[in-house]
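Read through the structures below before going on.
Shared between the two complexes below is chain A, which has chain B as its partner in the first and chain C in the second.
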Partner chain A sequence: MLRATLIFTAGFLASLGAGWLALPKTLYRTEAQPLSFNHQVHTGDKGNMACEDCHSFRENGSFAGIPKLESCAGCHAEAMGETAAEKQFVANFVKPGREPQWKVYARQPDNAFFPHSPHVKAAKLKCEKCHGDHGKSTTLPLYQVNRISGYSLDVMGRPAGRWGLQRAGGMRMDDCVACHRQNGLSHSCLDCHK
Partner chain B sequence: MTRTDKASPAAHYAMIIDLDRCEGCGDCVVACALENNVPPPNPKATPRTGLNWLRVFRLEAAGRDVFLPMPCMQCGEETPCQSVCPQKAVELDPATGIVGQIPERCLGCRYCMAACPYQARVFNWWDPQWPAGMEQTLNPNVSVRQRGTVEKCNFCHGRWHAAIEKAAAAGGRGPVAYTPACSEACPAQAITFGDLNNSEFAALTNKPESFRLLDSLGTGPKVFYKTASTAVRAAVTGAAKDTPHA
Partner chain C sequence: MIRRDLLKFGGGAAAGLAFTPIPWRLLGDTAMWSQNWSWMPRVPRGEVADKDARCTLCPAACAVKARCAGGVPIGLWPRESALCPAGFVAHHIAWHPIRLRTCLHRGQPAKNEDALRAASARLSGASGSVAVLDLVPGRTASLLHRHHLAKLGGTYLVPPVVEGATAAATQSLLAQPVALAAVLSDVKTVLSFSTPLLDGWAAPGRVARPNRQFRVIQAEARRSRTAGIADEWLAIRPGSETTLALAIAHCLLKQLSAPAASLDRFAEWTRAAEAMSPALAAQSTGIDPTRIEKLAAELRREPSLVLADGDPVGGPLGNELQSAAAALNVMLGLHGLKARPAIPVPKDWAGVDETPISNAADGSISLLIIDEPTPGQALPWSLIAPKLAHDALVVALTWNQPHFAAQADYLVPVPVFLEAQQDAPAPHDTPQAAFSLSPALLPAPDGVMHASDFVARLAGDEVAFADRLAERIKAIGADPKELEAGGQWIAPAAASTLAARRILPPGMTADRLLAAAQRPAEPLHVVAHGWRASATSPLLGKLWQESALRDAPRSASAHPATMRNLKVVVGRPAVLDTPSGRLPVNLSADENLQEGVLALSSGPAFTQICQSDSSGAWRVPGAKVVPA
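Our next item is the complex of A and B:
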C-alpha cells in the first residue's frame, strides 16, 4: 500500500512538474525575425546614432516606429564591415529593395490605442522604462507569440509575468494602468481603447 | 473608472446642427460610416437591423422639406443607456463628456437600445463584412466591432485620439480641438462642433433659436439644433416625441 502511494505520488509530482515546465513552452511559438539586428553597433561608438535618428515622430504627432529601408540604405548601399549579418542584409534586402518585415515585440491588439507622444514628449519617459535595454542590445531576443491569441509574449496577461518569461515590463494593460495610477492618472476605457 | 487626473482638465464636447442649412444630402452619413468602420449593410438587413451611427430624417414643415440629422446626443445627466447597462459597458467620460460604448464589455443584451430616448444605438446582428479590397480602406484609429455588440456615435473618438497625440507631440496637455467626420464633410456647414467650456461656443447654444430634442426628459443632451422658423422647431420637437420605439 505504502509503495503504491509512493509510486503514485512520485509519478503525480513528476507529471505535474513536467506540465509546469512544458506548458509555457507549448503555449508560445517562436518566430524568426527577418535578420539579426544589432542596436549596439548603431547606438554605440561605432555608429554613434541617437534613437531619434531612426525612431522619429511624424508631423501629425504619431510615432513612426521601426525605420523603413530607405533610412538604412544611405549607409548600407555597400557592406562597410566584415560581418555576415551585414552582408546578408545588403544582399537580401538593400540591393533588391525588399523591406524587412520586423516582428514588433510590443505590438498591441487592434483594439488598444497607445500613443508614444504623451509618454515620450509630454511626460519625458525614457524608452528603457517600457522597452528595457532593447536599444543597447547586440542580438535580437526570441520573438514568441501566443498560439491562441497570436499576441506577442510581451503583451500577454499575468501568467507570462508569473513564469518569469516577460522580458521587460510596461506592455500589458495591467502595466499601463499600474504606472498611470502611480502618476495619479486615471483613464476611462476609451482613452486606451478604440 | 472615474477620472481624477490632473493631466487634462475637462472638456465638454457638443454639437450644433443648423436645420436651416441642412439640405439632406447625406454626406455626413457616408463620412461617418467611413470614419468609424461601419460596414456596408448586410444583404439581410432591414431598416431596423441595419447599422447607422448617424441618421437623417425627412419631415415637412413651413412648406418645405426639413432634414433632421440625429447622432448620439451624448446625454450628460442620468445618462439612460449608462444607468441600465448591467455590464458597465457604457461610460460617460467626465474628461470629455463623451458617452463611450465599450465593445470589450458589451454582452449584447440591448437594454441600452430600449432605454435610449433617441434610438441612437444599433446592434450588430452579423459580423462585419467588407467587399474584397475595401478592408484596405479601414480606419486604423477605430477598431472593428463584432457580432453581438451594440455600437453608436461617440463624436469620432478616434479623431480625439489623433488630436491628443498631436498635441502631446508638441508638449501640450489639456483639452484639444478636433472636428468629427460629419461636421467636416457637410458641404452646407450645418454642423458646428466645439467645447462647451469655451464661452464663445457655449454662447451659440444659448441663443433663442437653439434647442434640444426631448429636453424635458432632463438627460442633458449635448447635441443642439437651431432654426429661425418656429414651425420647423415645432415639427421637429413634435416628431422626436412621436417616434415609435423600434
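Our next item is the complex of A and C:
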C-alpha cells in the first residue's frame, strides 16, 4: 500500500513540476527586439521627456503607439551620444530610412479593441498604471511570445499569476473587467469586442 | 517496476495535471490559436483613418465613409442618411469564402490565358457568334462590352429588367421615348405589386421612415419586409396581381379624364379592364370589392405611382402585369415618373445595341461570356441554355465560384468591390443621371482580370479598363479626384414633359391581359424571394439568419394547413420536387401565408429549378414538397 501511494504521489508531483516549472519555460519563446532601447535616458534628467512626447495621440484622438522612425530621426539624424546602441540605430535604421520592426509587448488580440484615448485623456490614468515602470527601464525586457497563441507574455500574464503564486503581469480581460468594476464603469462585451 | 506501477504513476500524474496550469492554459491558448489561422483575414496595424467613398454594389451608389486601418477598409458607414445592411458589410466581399481567386477550367485550376486562348480559338474557328451576357448593364464596362462586340460582330445580351421594369414598360408608351426613373418623392401614394420597395429597391436614405413622405400600399402574397413596414399590406393571392391591376383600371375608367381616352390602343385596354369588375376580381385576388374601389379612388385622389418591378432574385413579374402597371400610371397622369438624361460617353465608343436575352435566337451563340461583377444577379439557366449552340464555350467572368460552376467551361476571377475602381449604373429611383466611382482601397489578388479587359483582348484592344474609365470620366467632364474621394457627378435634370402616345405596348392585347388575370392557380404556388445582401458577407447572412430577421437560402414556409395537405412537418428534411430538378428545403410554418402558397427564400440554386413562362415571369410550375 505504501509503495503504491509513493508511486502515485511521485506521478502527482511530476505533473505538478511539469505544470508549474517546465510549462512556463517551454510555452514561451524569446524573440529579440531590433535593437536595445533605453527609456530612462529619454525620460530621466538627461532627456526629460514625457511618455506622450513620443507615444502621442493623432489629431483624430487615436493613439499612435510606438513612434515612427521619422519621430526618432528628428533628434537622432546623427548620433547624439556615444552608446553603441544609438550608433547602430542611426546606421542601420535612420540613415537607410528603415522602420524598426518593434515587437509590441502590449499588443492585444485582434478581437479586443482597446482605445487609449478615453483611458488617458478622460479617465486621467497614468501610463504606469498599466505599463508599470517601463518608462524608466534602461534596457528592454525580454519579448516572450506564446508558442501556441502567438501573443506576448506581457498580455497573457504568467500561468501562476492567476492564483497569486507569481507576479501576474499581463493585461487580460479579467484585468480590464476588474478595473472597470472597481471604478463602477460599464463592462459589457461590446465595449471591447466590437 | 511493473506495469501496475506505471499505471499508478500515470494515475498520479493525471490527478496532478488537474492542479497545474497545463490543461487550462492549453485550452485558452488553443482557443486563441484558432483565431489566428493563416488563412483568416487579419486587420493590419496602423493608423486608423476615414476615407470618403461610394458603394457601387447597386445603382443607388450610396455615399459611404470607409474606415481604414493601415490603409485597409475595416468598416463602412453611411455618409448621408442611411445605408442598407449590404452596404455596411460590402468590404467583406473580398474575403468571402466563395470568392473566386483563381481561374478554373471545369473545376480544375487553369490560367486566364487558357480561357483567352480557348475563347480566341472559338472566335476564329467556329460558326455562330460571340455574345456577352452582362448581369449588371449600365456601367462603363457595359459600354466597353458593346464597343468591343461591334468589332467582333457579336451580341450584347442583358437579363430581364427587374428593378426599373415598370419605368421601362411605361417608357415604351411615350410619344418620345426617354429613359425614365421612378421618383417616389413626387407622389403621395405608391401601389407596389410584390416589389421590395422598402427593402433594397431604392436608396435606403430615400425610403427610410423619417424621410418618407409617401404612403406605401404593398400588394403581395407573403408578408415580406416591405409588406411588414408598408402603410398597408394587401394580402393578395399569388398570381392574381394582374387581376387586381385590371380591377383598379375598371374603377378608374368611370372617372376617366378625356386625354387618356384619346391614346392609341385605349380600346384594347378598356376591353380588358371592363371585363374585370371588382366583384369578379375579388374571387381571384381575395380582396374585398369595396376595398378595390376605395383603392382606385385613393390612387386617383392624390398623385400616385404603380410599381410592378419584381424581386431581384425571384425575378420579373411578367409582361402583362408590367404593362398593366404602366397603363395605370398613364391613367393616373404619369406622376412619379421623370425623364433621366443619358450620361456622356466618349465619341469613339460606338457599340452594338443591347438585346434582351429572351430575344436572342435559340442555338445561335457559340461563345458566351458572362460578366457577373457583383453579388445579387439571379438569372435562370433555363433562359440561357436554349440560346447556346451545341458545342458552345461558356466563360464566366465572375466574383464567386459556385454560381456558374456547373455550366461554365472557364471561371475567370474578377476584381471585387474596393479592389478596383468601379462605377455604378444610373439609379432607377432618381431623375438625376449620376456617375459614381468606388475607389480601389484593397490590392486585388494575383490572377484577377477585369471582364472588360478580357473582352477587349479578344477584340484586339490592349487599352486597360482603368485607362478606358479615365477616358469616360474625361468625356463626362467630371473631376477624377473628386470621384475618387467619394464625390458624385450629376447631370442636369432633364426638362422634358412626359406625354403618352399609347396606353398599351405593341403586341399586348386584352386577351393576353385577361388570360394572365384568369390563369388557373397552381396547386402549390411557389413565391420565390431573395435578398441581394445575403451574398455580400457570410457574417451578415449568419447574423441575420440566426436572428431570424431573414430567411436563409433554401428555407421555405407554408401555412400549417398547406403543410398538413402536403404531409410534411416542420423540422423534418423536405425536398421541393419540380420538373426542372429537386431542391432540399428547410420548412417552417407561417400563418400569414395563404393556403396553397410556398414562400421560398431563394439562393443561386433557385435559378436552376425555375423557368421563365410566356410572360417572362420566373415560375416553378408543377412543384410539390415531399419528405426527403
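Operating definition for what follows: the second predicted complex is superposed on the first by the 163 of 194 C-alpha atoms of A that agree within 3 Å, B and C clash if a C-alpha of one lies under 4 Å from a C-alpha of the other, contacts with A are read in each partner's own complex, and residues count from 1 in each chain.
To be clear about the criterion, a residue touches a chain if its C-beta (ideal position, glycine included) is under 8 Å from a C-beta of that chain, and two chains touch if they have at least 3 such contacts.
Just so it is clear, the model here is predicted, and its values are computed rather than measured.
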Is A:T9 in contact with chain B, with chain C, with both, or with neither (first, second, both, neither)?
second
Touching A:N48 in the superposition: chain B (first), chain C (second), both, neither?
neither
Going by the contact rule set out at the top, does A:G184 touch chain B (first), chain C (second), both, or neither?
first
Counting only touches as set out at the top, which of chain B and chain C does A:S62 meet: first, second, both, neither?
both
Contact-wise, after the overlay, does A:N111 reach chain B, chain C, both or neither (first, second, both, neither)?
both
Taking the superposition as given, does A:T26 touch the first partner, chain B, the second, chain C, both, or neither?
neither
Looking at the overlay, what does A:Q101 touch: chain B (first), chain C (second), both, or neither?
neither
In the three-chain superposition, say which chain, chain B or chain C, touches more residues of chain A.
C
For chain A, give the residues common to its interface with chain B and its interface with chain C.
60, 62, 110-111
Hey, which residues of chain A end up touching chain B in the complex?
57, 60-62, 110-111, 113, 115, 117-118, 121-122, 184-191, 193-194
Which stretch or stretches of chain B touch chain A in the complex?
1-7, 91, 93-95, 98, 100, 102-105, 141-144, 154, 157-158, 161-162, 164-173
Which residues of chain A touch chain C in the complex?
3-4, 7-16, 18-20, 23, 27, 58, 60, 62, 64-65, 107, 109-111, 146, 148-151, 159-160, 162
Can you list the chain C residues touching chain A in their complex?
5, 8-17, 19-22, 25-26, 28-30, 32-33, 35-36, 42-43, 45, 47-49
